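Presented sequentially are two complexes of chain A, the first with chain B as partner and the second with chain C.
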Partner chain A sequence: MTKLTNRSYTYYFLLPAGIIYFVFFLLPTIMSFFFSMTWWTLTDWKFIGFENFITFLTEPSLNIGFKNTIIYAVVTCTLKVILGLLLGVFLSQKLKTIGFVRSMVFFPTLLSTIAVGMAFAMMMHPTQGLINTALKIVGITGPDWLGDTTIALISVALVDVWKGVGMATVIFIAGIMSIPEDYYEALAIDGGNSFHKFWNIIVPLSRPAMNSVIILAFIGGLRSFDLVWAMTKGGPGFSTDLIASIIYKQYQGGFYGLSTAGNVILFVVVSALAFPLYAFLNKKEVDL
Partner chain B sequence: MSETQIAVKADTPFRTNTRKRKSVGKLFSEILAIILSLVIFGVPFYFVIVNASKDTKESSLLNMELPSSFQLIENIQAVMAAQNGMIVRAFFNSMMITGFSIAILILVGAMAGYVLQRRTSKMSPFFNFLILAGLIIPPAIVPTIWVLDGIGLFKTMPGIILVEVALNLPFTILLYKGFMATLPKELDEAALIDGCGRMRLFFSIILPLLKPVSATVIVLTAVGVYNDFVNPLYFFPGAENATLQLTLYNFSSMYNTQWNLLFTNILLISIPPLILFIFFNKKIVAGMTAGAVK
Partner chain C sequence: MKAKKKIFAVLSSAALFAGILAGCSSNDSASGDKDEDSGQVTLTLLVDNQSNLDGMKAVTDAIEEKYDIKTEYELRPGGGEGDNLVKTRLATGDMTDLMAYNSGSLFQALNPEQNFLDISEESFVETIMDDAKEALSSNGKVYGIPAASFMAGGWFYNKKIYEELGLSVPKTWDELMSNNEKIKEAGKTAVIGSYKDSWTAQVIVLADNYNVLQQHPSFAEDFTANKAKIADTPGALSSFEKLAEVYDKGYLNEDFLATGYEAGLQKLAEGEGAHYPMLSFALPMLQTNYAEELDNIGFFPQPGDSADENGLTVWVPGGVFVNKNTEHPEEAKKWMEFFVSQEGNDLYNAKITPQGPPAIKGVELSDDVYGAVKDMLPYFESGKTAPALEFLSPVKGPNLPQIAVEVGSGISKAKAGAELYDKDVEKQAKQLGLEGW
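The block that comes next holds the complex of A and B.
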């Protein structure tokens, strides 16, 4: 009789995936540590130690990327969690129009970031734009959303939230839908109101969904590039430059070593924040 | 009549009253929320469509008013004709890249997910770590160009396809691995007892059973690769090699004064995802959440 053993499943099946993954992802990642310490023209390189990293960390036009990237990731992640949770609670009710509203909220997730960025850049035009025209009607003079160095980054982050909150919402809906009815019944018997329902049942029991949203949104925020590039190209000045957009600018300028150093820095920032966050959130889930 | 009964009787009208008031309040907040979502998520769409239908002069005002003459067809023709039909070429490129990426991902990802779920060994944690790393770590740009250049695939279609496959593999494998867990091992056993080889077991028994995940992979990859801007920007440059996202990006500087054409371009580029969404709404949502709530 044929016995089902580990040998029935040959590791040769991993080869095609493994080779593609290694050659086009792992190998470049490993090599980036080396090339980040060189002066590099793709064909020729010269070892220069940590000079690229020092430049990256001391040059104000480059190290502004850190601050911006963290702000961007924290703002988009926080807003996506809060708004996603509220929308998720609202959209998991049984209402006639709910399917339509759900689709409406989710659809931007599928749109091209470039298209969304351009459409919003038009709407954020300081004098003619839709948003400021609407604000003028209620008597508020809107700011120069993308031209003012103090708020441009937040403006882009808000568009990111507009585009991405649908994803957070459907994850929350899935989480909320999986809460057994018994909890609500028990609450009704104990005479709890809808705030209790939200705070004591939905929030703690949709914890796994919340963790997924936090991780996805935070990592996405740290790696973000295309929306900023479509809307402001890092400007005005360097006020919306993220690490990823600086990597692109250095690449365009032909500073391949410096660009790769930026990549390594992004790698370190993402790993240093994402892996512990992942472990922390998973640990909390077990405690529940 | 006992006292409790009286109490209940007296209590009844009051109770229905609060319930009614509560439901009116609830209805009001629901309507408000619906209107708010419609404004926040609907107005941008309306804005793009209206302005794509205007002539250059009207669209330069960037307002919400209906166009005085409906110009959408003329605008579409103008966008299609721009730069010797660049957008048609870009459409072809985008479709090729998306199609081949999907085909390779399904084949290669299903094979890997199948073995990784079925076979547990000392290596398993290592493979799981690789998948997690692939999901989290941002790809190293210039070294990838260096690799592509080294094997002669830089600025070529196979090059960009293989990069897209590599970057989408971890999530795809995760989806297949998750679904494999729902297929009983007895199935494999029965097939092997009946004299089925390892290859045939996978290709004629397992792979067809993975159809639901394959459908999810198709839809998610289609959206992801089609909308991808960053990877073509780096790994597929050159006028010949334009993809739809790159064309839109380049047109934005060209149409600096003709915003109606820019809006038309934005509208055109959003049609394929819209079609996918109309037909595979549930599949997309289920696939995205299934992967996320792991």
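The block that comes next holds the complex of A and C.
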């Protein structure tokens, strides 16, 4: 009776978790593919083929979300990688106040997104906001950060970067710390300067960390919803609407079939962009 | 031994799962049951957490005293989130006995025949004003009672500024625009825009319905039947053009996209701006925050092309509806009957000053009503009122606030906005399964 195999737990223990996963995740996912092709009132449905998808892709108030989402994801992802890497390099040095500075950088990540959004929306008020009041003292008339349709989306993206860069920095610090000392010693013997250290050692060898940051930030950007909702609710008009906020609004409007179609599209878009990106990045990774 | 273990494993996993399910299930026994000792009946009532409930509570306290029917309040969020919650609770059979909800298009979108009790035959239904009764009905059957007084949509104005500049209340749109020009020249904000709260941007469009109906008396029916589009009907399109004109002529405050509803009221009360297109439900908040300025605030309907056709667009109050599956239909009807009686109205109005004329025939208002409400009364007395479009037609596109912001801030032109809204409406009509779409 003391055979090793008998000590392991039976697979039946997986059943509760498995059933929950199936009922609350897999089943709705599969069902959503069907309901995305219907007029759906939650109790009643009518099959209509691809009409919801066509509506979603052709109507200007709906398909503006694709453009905005891509811009948003690319801007936030790029800035998080660049700033995160620079901060990561800076914060992996041996400084006296390193613990304090690190927590300062990480702190915004801990805040509630809604609170951050509301606080920044107030600070970005064109006449009474903190930012433009400060700019006025220096003699600059600040723009209407959230009211001007040409820059509103970028304003929200910058807040997202402020909030998310701490997480990227922590991942980069971990990546940089795991680079063995040998490389730096070899560089010192070869007479390399600090630029060489950054460009030829840190950047290539923190690649796994960078890939994680890129993937996380990019997918996060594509799915982003809460910050935009807290700051602009997609406005003015539809100018900062992302796919996720549009889906939410269609659901609010009672267009269950249409919003489900939007979710399916979001799923396809995220997969179509994230998987190739992931494969591409993995190919470039090098072993330590 | 092995088999025993297997059985034990299956049983324990079943127990785990049952525990989870128990956590999910709702506590049904809490609502709607008779209290064994006193014979008291409890009715549950779902209301939104945005409204002031003092008036309703005064009425339900009296109902409890008089009929021994207790009312248990359940709060829900307002706006679109609240709509979702109501629809979900109806779809899952988890609705309260009584439900307070919007009348008109939002109510009609709830599939009333399936979900609510038909009260057309009750005698108290006769006392409801026709405009209100229609908005509380679906397919000719009445389902609800008005939960408050009428409201009106139009233009609040600051009387001090009007006196200062020697202006008079405009009877036509052109007069209003020339007033605006003078106010602008005097260095004040002519029209307060608070489009940060995008719903406020729709008011100019919605409050124009009286004028639309003057030009097209059958517009609401044609619109519902897909025979008329806003973008192709000049009278209806002009509502959007009015919204665009206010922006194009530079009458709005500089920060209109960063100003919200409450800040808009502040600008009006403090005389920073002369006009604020708004619904009369703003009055209680004005009273709470700017009581001493309240006498300086007047109200006029959104004027149309001609002074002879000057009339008021009114908002039918929300209703209280009975769940079709309630265990206490008789008590619920008794509840309603008292709510719409003169006694019920007096109790209600003692707590909440009416934001417009009463929706029940024969109910008298006391003399201390808001000045702005007194400005509305002549239109009701002479019958120059029309309900807003959302009370005449079940179709109202959910994206109107955003579209109105686009038109009202120059992002898109009036015609393009109207076309986009027509498409939005089409989705809604198809979702409702209306004829002709």
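Structure notes:
The rule is simple: the second predicted complex is superposed on the first by the 275 of 288 C-alpha atoms of A that agree within 3 Å, B and C clash if a C-alpha of one lies under 4 Å from a C-alpha of the other, contacts with A are read in each partner's own complex, and residues count from 1 in each chain.
As a convention for this text, a contact is a pair of C-beta atoms (placed from the backbone, for glycine too) under 8 Å apart; a residue touches a chain by one contact, two chains touch by 3 or more.
Not measured: the values here are computed from a predicted model.
Once the two complexes are laid over each other on the shared chain, residue contacts for A:Ser239 go to chain C alone; chain B is not touched.
In the superposed model, A:Thr55 lies in contact with chain C only, and not with chain B. Once the two complexes are laid over each other on the shared chain, residue contacts for A:Gly254 go to chain C alone; chain B is not touched.
In the superposition on chain A, A:Ile219 makes contact with chain B only, not with chain C.
With both complexes placed on chain A, chain A has more residues touched by B than by the other of chain B and chain C. Applying the stated contact rule after C-alpha superposition, one finds that A:Leu83 touches neither chain B nor chain C.
Using the contact criterion defined above for the overlaid structures, shared-chain residue A:Asp144 touches chain C, although it does not reach chain B.
Judged by the touch definition given at the top, the superposed model places A:Thr29 against chain B, while chain C stays out of reach. Residue contacts after overlaying the shared chain place A:Met210 against neither chain B nor chain C. In the superposition on chain A, contact of A:Tyr21 is made with chain B only, not with chain C. With the contact threshold set out at the top, residues 10, 13, 16, 20, 42, 125, 128-129, 251 of chain A are in contact with chain B in one structure and with chain C in the other.
Remark: chain A residues 10, 12-13, 15-16, 19-20, 39, 41-43, 46, 55, 59-61, 124-129, 144, 146-147, 149, 233-239, 249, 251-255, 257-258 touch chain C in the complex. Chain contact summary for the complex, chain A toward chain B: residues 1-2, 4, 6, 8-11, 13-14, 16-18, 20-21, 23-29, 31-32, 35, 40, 42, 87, 90, 93, 95, 97, 101, 103-115, 118-120, 122-123, 125, 128-130, 133, 162, 167, 170-171, 173-175, 208-209, 212-213, 216, 219, 222-223, 225-226, 229-230, 244, 247-248, 251, 256, 259-260, 263-264, 266-267, 270-271, 274-275, 278.
Of all residues in chain C, those touching chain A in their complex are 5-6, 9-10, 12-13, 16-17, 20, 80-81, 83-84, 87-88, 91, 109, 111, 195-196, 198, 254-255, 257-258, 397-399, 402-403, 405-406, 409, 411-412, 420, 423-424, 427-428, 430-431, 433. Contact residues of chain B toward chain A in the complex are 30, 33-34, 37-38, 40-44, 47-48, 51, 61-64, 104, 107-109, 111-112, 114-116, 118-121, 123, 127, 130, 132, 134-149, 151, 162-163, 165-167, 169-170, 173, 185, 188-189, 192-193, 198, 201-202, 223, 226-227, 229-230, 233-234, 244-245, 248-249, 252, 259, 262-263, 266, 269-270, 273-274, 276-277, 281, 284-285, 288-289, 292-294.
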